[in-house]
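Okay, got some structures for you below.
Two complexes are shown next, each including subunit A; its partner changes from subunit B in the first to subunit C in the second.
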Partner chain A sequence: MSEPIAPPGKKNPQRRTDVPQTPPQQRSRAALGLAAAAAEGRFMLQVCGDCGAVQYPPRDACSRCLSINLQWQDVSPGGRLVAETRVRATTDLYFRKQMPVRVGTVKLDVGPSVICHVHGDVGDGADVRMAIKLDRAGQGVMMALPVKETPFMEDDPRLREMSCTPRHRRVLVTDARNPNAPAIVSALAAAGAEKIFVGLSEDWRPNRHNDDIMAVPGVEMLPLDVTDSKSVEELAAELGGKTDILVNNARYVRPGGLMARNDTVFAQNEMDVNYLGLMRLAQAFGPAMCARTADGTNAAVAWVNILSAYAISNSPDYGCFSASNAAALSLSQNMRADFRTSGLRVLNVFVGPTDDDWHQELPPPKVPANTLARSLVQGLVDGLEDVYCGDVAKDMIERFRASPKIQEREMTGFRS
Partner chain B sequence: MTLLENLAKALAGGSIEIVDLTHTLDPDFPVIVLPPEFGQCARFRMEEVSHYDHRGPAWKWHNISMSEHTGTHFDAPSHWVSGRDVANGSVDEIPAGNLMAPAVVIDCSAGAAANDDFELTRDVLAEWEDVHGRIPEGCWVLMRTDWSHRSGAAYLNMRDDGPHSPGPTPDAIRFLVDERNILGFGTETIGTDAGQGSHYTPPYPAHYYLHGAGKYGLQCLCNLDRLPATGAMLVTPPLKIRNGTGSPLRVLALKET
Partner chain C sequence: MSRTRLGYEGVAIVSPATIPYQRFSIETAHWWIARALKESLDQAGLGPAEIDGFAVSSFTLFPDTAVGLTQHLGLCPRWLDHIPMGGASGIVALRRAARAVQAGDADIVACVAGDTNHIDSFRNLLSSFSRFSQDAAYPYGFGGPNANFALLMDRYMKDYGATREDFGRICVAQRQNALRNPNALMKKPLTLQQYLDARPISDPIALFDCVMPCAGSEAFLVMTVEEAQRRDLPFAVIAGTIERHNAYADDPVQFRGGWAMDIDELYHMADCAPSDIDLLQTYDDYPVISMMQFEDLGFCDKGEGSRFVQDRDLTIEGDFPHNTSGGQLSAGQAGAAGGYIGLVEAIRQVTAAAGPTQVPDASRAMVSGFGVINYDRGVCSGAAIIEGAKA
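This part shows the complex of A and B:
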């Protein structure tokens, strides 16, 4: 088992906050395939389309037959630890604070041997389950994990560094009025979040979810309206320095496409919440969170956006809402660039139609709030950048990857 | 001395006081809430453009946005379907002469304190006239409820069956419009109609009758408890918005001390 991490306790106000550092950033373009796999928690390696050889490390030509026909494919993550050591000294500024680091050589079942991080619960010479994890630089790195879950496994220091788990962390959920708020808050609490702040807009009108939210232990509700810059700035001034994870669940959705409306009022509301709301939050909370990515057990780790799967390709029945989410998706990429040097991760959870008032007219499948909340928390625990929650979101991204144009033609071809 | 010289002297000397009947435009001030499938009243918002900084070194300014019907505001006849064809029905067309007028204040504060759904009835108006005399033509009638002392959730007072706040009955409004030919009707609540005003026939009778007859509305007023029952003069110029159906405004009352 792993040594359980103690709750961090109160911060010593006389100590300088550790400066954010990231592991080495540089990689070949080929190696970015590892980051892409890690972003979704997949174990993918290049496989030669001509001779079938599995490649590692990533390269531009097959190590066996020199073919350049190398495709990233999901491969079996099995392997065996054949050698290991502990690195105790380094000049790297990031790893100096991580010492000692357990590293080893794993012979993969699919062929290659890899040098990788090794979880503390993996025994000498043991079988392992390999994972490609995003490190704090946002690069995909190999880690050998025990084949079966072990007690407090996620508290292993290396694994925790690759993860964005809510355990022992303080989370801000931005919108108590979203019907998914109670489920998200509950899931975060179940995952060990120490404190959950929930933003409530317009406390001058009732919110039917308040009782369910306040029933969860460790919850505090605070005024926050993502459409009001002042409100966002004020809460960031109060809480920015103790927000370890920010979950932006604020959303404005109304059915209807471009021609179903003859005004821009709902569309403005959608942009104001879904796009500009995200921008206000990022500008207000981003700097404080980015400054605290090396702040011990409850360092700031992640920013979560909940995006419509129709950000990927427009769904005309919700065409204007789709457009606002496409804008938010684009902005999330800007966030990733701006947060990159700090190591603060941006997790986008894509979800199809959700089971709520504004999707009543749609047939199943619709994603229940509990499912969304589970996916979101699992994405944090696994340290992912992209989660596709539910069949619709999974289908959307698969079709996008196959052919964005064919997908667009399908989405816009006929109306049900 | 001329009349205006006398006025200036009275203002300077304090024998005429100016009372501000306006709430501060603030993002947190409640607005009317409609069923969510309808478009909503935009809240007041302010975005900083520069703050004596690199965005404008010597100046500070903001972009502001809101509905025509946010905060203390004026309702023009064109706001309601009954007033859509009224002449000079939008805020830019209102004759300047209608922007200053006397006001009478009907004190409903005791009734509103006892009952959130207090109704200003024709009987209440009759009792008021018994004491203060006939409501003059061309004046503002202000319904004092002390509702402006409330804030936050207590102000909108929204429950599962809708908001609860005092307002006039259809009969009372018809009386003021048809038999007293008032200039307009003003309240301390979020609208000129009661919170439950959608359940009258016609729904929202104050909006329906006032605007249908080319009369005006004022809502979200405050400090009505500082005005006399008769004798105050209101200054109520809305912004001159082309085809505007209403406008936030500063409402001033002149009263003799």
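This part shows the complex of A and C:
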């Protein structure tokens, strides 16, 4: 078993906060396939389309037959630890603070040998289950895990570096009025979040979710209106330095496409919450969170956006809402670039129509709030960058990957 | 089996030059290479205009290559080579140069390796070493070569029961040799206990398993035997030599090098047996690699390396003189010059010019090279048997 991590004590205000560092960032283009696999928690390697040889490290031509037809495919993650070391000296500034780092060579069942991080519960020479994880550089790295779950497994220091788990962390959920707020707050608490702040806009108005939210232990409700820069800045001044995970669940949604409306009022509201709201939050909370990514057990780790799956390709029934989410998706990529050097992860949870008042006219499948909350928290625990929650979101990304143009033609072809 | 190779008759190796190493240097690789080249040419009584072949190895020459050096140093060769093979560079340069001289493509080839070592240049060198290292080794603790060799040493110890004491014997003997070499960076004796008690670096590798990066340069000249005799230069000849790259790629962890594929042919070419070798210079980036060479070069069976070092005395006066100048482990690791240190010392040995490190009556030496941890193992290997010329 792993040594359970103790809850962090009070921070010593006289000590300098550790400066954020990341592991080596540089990769070849081929190796970025590992980051793409890790972003979704898949174990993928290049497989030769001509001779079937599995390749590692990633490369540009098959090392058996010289074919350039190398495809990233899901492969079996089984293997055996054949050699190991504990690295105790390094010139790298990130790893210097992590010493010793357990590193091993795993012979994969599918062929190649890989140098990898090794979980502390993997025995000498044992069989392992490999995973590709995003490290703090946002790059995909190999990690050998025990074949079966072990007690307190997620508290292994190396695995925790790859994870954005809420355990022992303080989370801000931005919108108490969203019907998904109680489920998200409960799921975060169940995952071990130490403190959950929840933002409430226009707190003089009643909110039917307040009782459910306040019933969860460790919750504190604070005023926050993402459409009001001053409100966002005030909360960031108070909470920015102790927000370890920010979950932006603020959303404005109204049915209707471009021609169903004859003004821009709803569209402005959608942009103001879904796009500019995210921008206000990022500008106010981003710098403080990025400065605290090396701050011990409860360092800042992740930013979560809940995006419509129609950010990927426009759904005309919710055409203007889709557009605002496409803008938010694009902005989230900008956030990733700006947060990269700090190691703060941006997790996008794509979700299809949710089971709430504003999606009444749609047929199932619709995503219940509990399902969304579970996917979101699991995405944090697994350290992912992209989660596709529910059948519609999975369908959307699959069609997008097959052909963005065919998807667009399908989405815009038959208006019911 | 492929065709029989031609021999290396008629080729002479002369003028072994070593510029004393420095832990850190404010100078450049160009400066270090120029000094070794001049030292070697001075020994032969030659000027720079008289060489028509030039082979260079260096890690810190960027953005220049051998090409830039011709203009920088005022050379006009009709044969030019840049050999980026790290610890195998010396053997490979010798092989290339010997064929050029035999074929008449060049008359006199200068082979030079040198590197500088600035504060922080080792870290910079590591971070841009190879694509596979960048993609698949450094993100795992960034232990550099120490971590790579720790992995294969761990496997070797488990498979063959070798202990840290066994590896320590190699290091201790080399330190004894180094104490006779006034240019060695390590000046203090090393005991087996000190070796065992040293600070761990990347288990099972500890401090004295590691080389010390430094600045330095090495050189020698290759010419015809007639030319060497005409100039009255002491010279060595090549009895046989091999090279091999990316051997045994399917071994999950490296436990043998490319030598094992070609070693029989090497002894056949040289018409001798391991027992006929008077001294051995292995590539000693880590003692486990030297032990692997004892096996792969035929001095003992695979897995018998630890028994071998228990039974034999590896010092200059011992029954198996090994890395007589102290090797990289005790003299220092001067970048690509580390691929030359054993060869240049062996040339001195078989021409009776080794001075304080001279092995009595040394006439036949084996030198091996091992280079470039491209990902998880050394990719290049080579070896040569050289003999002192009979007058």
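Keep in mind that, in the parts below, the second predicted complex is superposed on the first by the 416 of 416 C-alpha atoms of A that agree within 3 Å, B and C clash if a C-alpha of one lies under 4 Å from a C-alpha of the other, contacts with A are read in each partner's own complex, and residues count from 1 in each chain.
Definition applied: a residue touches a chain if its C-beta (ideal position, glycine included) is under 8 Å from a C-beta of that chain, and two chains touch if they have at least 3 such contacts.
What you see is a predicted model; the values in this text were computed from it and never measured.
> In the superposition on subunit A, see if there is space for subunit B and subunit C together, and answer fit or clash.
Subunit B and subunit C fit side by side in the superposed model.
> May I ask you to decide whether A:Ile115 touches subunit B, subunit C, both, or neither, giving the answer as first, second, both or neither?
So A:Ile115 only meets subunit C here.
> Classify the contacts of A:Asp135 with the two partner chains as first (subunit B alone), second (subunit C alone), both, or neither.
Touch partner of A:Asp135: subunit C, not subunit B.
> Have a look at where A:Val103 lands relative to subunit B and subunit C in the superposition and call it first, second, both or neither.
second
> When the two structures are overlaid on chain A, which partner does A:Arg86 contact: first (subunit B), second (subunit C), both, or neither?
In the superposition, A:Arg86 contacts subunit C only.
> With the two complexes superposed on chain A, say which partner A:Asp225 touches: subunit B (first), subunit C (second), both, or neither.
The answer is first: A:Asp225 touches subunit B but not subunit C.
> Once the two structures sit on chain A together, report how near the CA atoms of subunit B get to those of subunit C, whole Å.
38
> Which residues of subunit C touch subunit A in their complex?
Per the touch definition, subunit C meets subunit A at residues 122-123, 126-127, 131-132, 134-144, 146-148, 150-152, 154-155, 158, 200-205, 249, 252-253, 375-376.
> Which of the residues in subunit A end up touching subunit C in this complex?
Answer in residue numbers: 23-24, 26-28, 30-31, 56-58, 63, 82-92, 94-95, 98, 100-101, 103-105, 107, 113-117, 125, 135, 137, 139, 141-142.
> If you look only at subunit A, which of its residues touch subunit B in the complex?
The contact residues of subunit A facing subunit B are 202-206, 225, 227-231, 254, 263, 265-266, 269, 357.
> Enumerate the contact residues on subunit B facing subunit A in the complex.
27-28, 30, 33, 36-37, 39-40, 43, 45-48, 151-153, 155-156, 158-159
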